[in-house]
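Both complexes shown next keep chain A, but they swap its partner, so chain B is in the first and chain C is in the second.
Moving on, here comes the complex of A and B:
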C-alpha cells in the first residue's frame, strides 16, 4: 500500500492532447474517484498508472518509487476492467490464482489466499465454475478478488460497475466499499457517474479536457464547486451570468441578458466585472404569489426572483418546477411535503434562497 | 417449424445425395468388386496391404502432409498474430495479399512453381545474382518442391483461422494478464495460445486433410521421389483403368482422413 503521485503528466495521441500537465496526489489508503465526461482523460490517467500507455512528459510515483519505466507486470498493481476481462478458459479459482502463480508462491499458500479472498467476495462455492456461468455481479466480484488477492500497492477500477443494472450497481457499490475498507488499499476509481463517485469515494477528482478542475471531499465539490464546469457536472444547477452593476455586503445587482436582478450571494464580485453565480435547484424556496401579494411593495423589495411556472415534473419524493423569470429559465426542486398540487402551471411564484446557497464561480480559463 | 419450411432444405439435401453420397456408395461398390466383373471380393483391400510399396507411399504422404502442416503453422501463427494484434490500418491490405493466391487457378500456381524452381529457373538466377548458387538447384522433381508448393497453397487457410481466433481475444485480457504480474511470454502461453487454440486446430485440419489427398502438385513438381498416394489412385483410374483397386485405395485414404480428423478434433477438445 502506498500513495500515488502524478506530476506534470502529459499524454498525446498524435495531435490530440489527452492529458495536459496533470498533477494529482492520491493519499495512502483512500478511495479516489476520477470523474469526468468521456474524453476528459480519466481512463488515460488510469492506463498510464497501470503502464499500458507511456507518458510523453511527467512522472508517476507509487510510494517513493518512480514507475514510468517499470513494465506493467512489475508494477504490482491490481486492475478491474470495465469488461472484467476474466480469462474465459480458466475457472474462477484459476482466474484468482493466476496473479499468485506469477509471484511464484507455494501451492499451499496460493490455495489459502484464493480461498480467503473468494470467501471475502462471497463466492467460495463458485471456484470450479467458468466465468460465463456466472451473473454480471458475480463476475464483477471475481474480477475484484483476482485484483485484490495479490495485495497490490494500488487498485485501479475502470468504470467497473457501469455494466451492471441499477439495482445491482447500488448493491455492488455498498459491497465494494465494504471490501475496500477491509483491505485498506489505495484505490483509484474511474467513473462518469457522479452519484457513484459521491457514494464510493473519500475524494473526488473532477477532470475536464485533460486537467483537474477540482479535487475535494464529495460534499466539498458539491457544495463549493470552484467553477461552472464542476457545478454543472455534479448535479443540477442554475447559472446567473452577467455584469455586476452594484455590489453590496451580501448582494450583487447583476445585469444579465434577460434583465437586471438583485441576488443575495455567498461572495460578492467587484462592480463592473463579469461574474457567474450558481444555485442548486433544491436550495430554492418556492412560494406561490396570490394576486394581492403581487402588488405588495414589501414582496417586491424582498430579495429573490419572481417568475411563472411553465412546467412541473412530479417524481414522487419531489417536484421539479421549470420557472420562467423574465425570460430566464430556472429549475427549482421542492420536497414533497404532502401538498404536491399547491402550485400549478401558470402560477406566479417567488423564488428566494439563503445567501450561502448562491455560489460565486471562478472564471473559467 | 412449419411443415412447408422443411421442404426448403430439399434442394440442398438432394444435391448432396446425388453428387456426394451416391458417388461414395458407387465407389464403395467398386472397391469390393472382383476384377473379373463377377461377384464381390476383399482382394482389392488385401492387395494394398500386401505390397510394401503402397504402405511406404502412404507413410511418406502422411509425413509430407505433416511437414506441410508444421511449416504452415510456423509461418501462419506469427503472421496471424501480427495482423490481429499489431497492425491496424493496413490489416485488410495484408489479408487481401494473403487471399489473392486463392483467385489464381491451381494449375497456374503449380506451373509458376515449376518455372521458379527448375534448374536454371528464376530461383537459381536470383541466387546467382547474390552469388550463392550452386550449379543446378536440384529442387524440382523432389519431395521438397511438392512441400513448398503445398505450403504456398494451404497456409492461407491456417492464417485466416488463426487470425479470426486471435482477433476475437479481447485486448483487455492480455492487459489483465500483465496487470497480474505475467510477462509477455507468460501471457502468450497462458492466455493467447490457449484462447487461439481452436483456430490452430481448425487450421491444422484445413491444411493436413487436403494435403493427404492431393495429386496435382506431386504429379507436376514431385517426379518419382515426390509421389503421393493420391497419384496411385489417379493412375488406377485414368491410366490403368483399375477402378476397383483405385476405389479401395480411395476408401482407405478416406478412412485415414476420418481418423486424422477425429484425432485433430480431440486435440481441440482437450485444451478448450
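Moving on, here comes the complex of A and C:
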C-alpha cells in the first residue's frame, strides 16, 4: 500500500490532448474518485497508472518508485474493469487464483488466500462456477476479489458499478465501501456518477478537459465548489452572472442581463468587475407574498429576490419550484413537511438565503 | 394455428429439397442392385466390395492426408494472421483482412489454372507441394473468417486484466488468448479440412501423375462405369463428418455453439 502521485502528466492521442499537465496525489489508504463527464481524461488517467497507455510527458509514482517505464505486469496494481473482464473459460476460483499463480506462490498459500477473499466478498459457495453462471453483482464481486487477492499497492476501479441496475448499484456501493475499509487499500475510482462518487469516496477529484478542477472531501466540493464547472457538475445550482456595480460588506449589487439585483453573498467582488455567484436550490427560503399581507412591504425591503412561480415539481420528500425572477429562472427546493400545499403556480414569492450560501465562483478562463 | 402449420410445411419443403439427394445416395449404398434401381433390397455387399477396391481406398487416404495437412496449416496461418491483425491499426487492417478472404470470390477454376500456369512458367514439375499450396489458398479464408469472428467478439480487456494481474505477454497468450481462440481454431480447421477434402478442381489441375484423390477418382469412375461402391464411400464420408462434428461439439460445448450463433462469447 502506498500513495500515488502524478506530476505534470500529459497524454495526447494524435492532435487531441486528453491530459494536460495533470497533477494529483492520492493519499495512502484512501479512496479517491475521479469524477467528470466522458472525455474529461479520467479513464485515461487510470489507464496510464495501470500502464496500458504511455504518457507523453510527466511522471507517475507509486510510493517512492517512478513507474513510467515499468511494464503493466510488474506494477503490482489491481484493476476492476467496466466489463469486469473475467476469464470466461475459467471458474471463479481459477479467476481469483490467476494473479497469485503469476506471483509463484505455493499451492497451499494460494488456496488459503483465494478462500479467504471469496469469503470476504461472500462468494465462498460459488468457486466452481463459471462467470457466466453468476449475476451481474456477483461477477462484480469476483472481479473485485481477483483484483484484491494479490494485495496490490493500488486498486483501480473503472466505472465498475455502472453496468448494474440502480438498486443493486446502491447495495454494491455499500458493500464495496465495507470491503475496501477492511483491506485499507489505496483506491482510485473512476466514475461519471456524482452520487456514487459522493457516497464512496474520501476525496473527490473533479476533472474537466484533462485538468483537475478541484480536489476535496465530498462535502467540500459540494458546499464550497471552486468554480462554476464544479458547482454545476455536482448537484443542481442557480448561477447569477453579471457586473458588480456596488459592493458592500456582505452584499453586492449585480447587473445581470435580466436586470440588477442586490444579493447577499459569502465574499464580495470589487465593484466594476465581472462576477459569478452560485446558490444551490435547497439553500433558498421561499415565502409566499400575499397582496394584502402586511408583511409584504417588509419582505420587499428585505434582501433577496422576488419572482413568480412557474412550475412546481412534486417528488415526495421535496417540491421543486421553478421561479421567474425578472426573466431569470431560479430553482428552489423545499422539504415537504406534510402540510397542504401553500404555494401555487402563479403566486408571487420572496426568495432569501444566508449570505454564506451564495458562493462566489472563481472565474474560468 | 394455421400459420404455424403452414410455416412448418414450408420448412419441411426446404429440408426435403436440401436432403433428398443425399438420402437417396445413402439409401442406394445399401441396395443390392448394381444400377441404382428399385426395388430396394438391403445388402452390405458394396461396403464389402469397397474394402477390396484399393484404388478407391488409396484415393480416400490421399484425400484425407491432403485435407489434414491443409487444415493444420490453415489453422496455424489463420491464427497468426488474426493475432497479427489485432496489432495493425486503421485502414491497413481492413485492407489486409479483405485481401485474406479475397480467394473466396475467385473461382477455383481460375485459381487452379493460374497455379498451373505459374508452374509451367517457372518450368517446374507438378508436385505435392503445389497441391498443398493450392488447397491452402482456397481453404485458408474459411479458417480466417471463423477466427476473425471469434477474436472480434473477445473483450480486449481480458488481455489487460491478465497483465494487470501480473502475467507477462507469453503467459497471457498461453493461458488466456489461446484457450479463448481454441474453439474457433477447431471449427476453422474443420471447415478448411472439409473444403480441401472435397475439392476437385484444384487437385485436378495440380495433382502429379500417378496420384489420385477421392473427388478425382469419383469423377473418373463416373466416366468409366459407376458402381454403388461410390455410394458406399460417400455414405461413409458423411457418417464420419457427422461423427467429427458431434465429437468437436461435445468437446467444445457451448463455446462452439457461440461461434455458430454469431460469435458471442
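Simple rule for what comes next: the second predicted complex is superposed on the first by the 359 of 365 C-alpha atoms of A that agree within 3 Å, B and C clash if a C-alpha of one lies under 4 Å from a C-alpha of the other, contacts with A are read in each partner's own complex, and residues count from 1 in each chain.
By our rule, a contact is a pair of C-beta atoms (placed from the backbone, for glycine too) under 8 Å apart; a residue touches a chain by one contact, two chains touch by 3 or more.
What you are looking at is a predicted structure, and each value in this text was computed from that prediction instead of being measured.
> Clash or fit: chain B and chain C on chain A?
Here chain B and chain C cannot both sit on chain A without a clash.
> Touching A:338 in the superposition: chain B (first), chain C (second), both, neither?
neither
> Report for A:346: first if it touches chain B alone, second if chain C alone, otherwise both or neither.
So A:346 meets neither chain B nor chain C here.
> Touch test for A:103: chain B only (first), chain C only (second), both, or neither?
both
> Find the residues of chain A that appear in the contact set with chain B and again in the contact set with chain C.
50-52, 71-74, 76-79, 81-83, 85-89, 98-99, 102-103, 146-147, 150, 156
> Under the definition above, what is the set of chain A residues touching chain B in their complex?
Listed in rising order, the residues of chain A that touch chain B are 50-52, 71-74, 76-79, 81-83, 85-89, 98-99, 102-103, 146-147, 150, 156.
> Contact residues on chain B for chain A in the complex?
170, 172-173, 175-184, 186, 190-191, 194-195, 271-272
> Please output the residues of chain C touching chain A within their complex, sorted ascending.
Interface residues on chain C, with respect to chain A: 155, 157-158, 160-168, 171, 175-176, 179-180, 255, 265.
> If we count contacts the way the header does, which residues on chain A are in touch with chain C in the complex?
50-52, 71-79, 81-83, 85-89, 98-99, 102-103, 146-147, 150, 156
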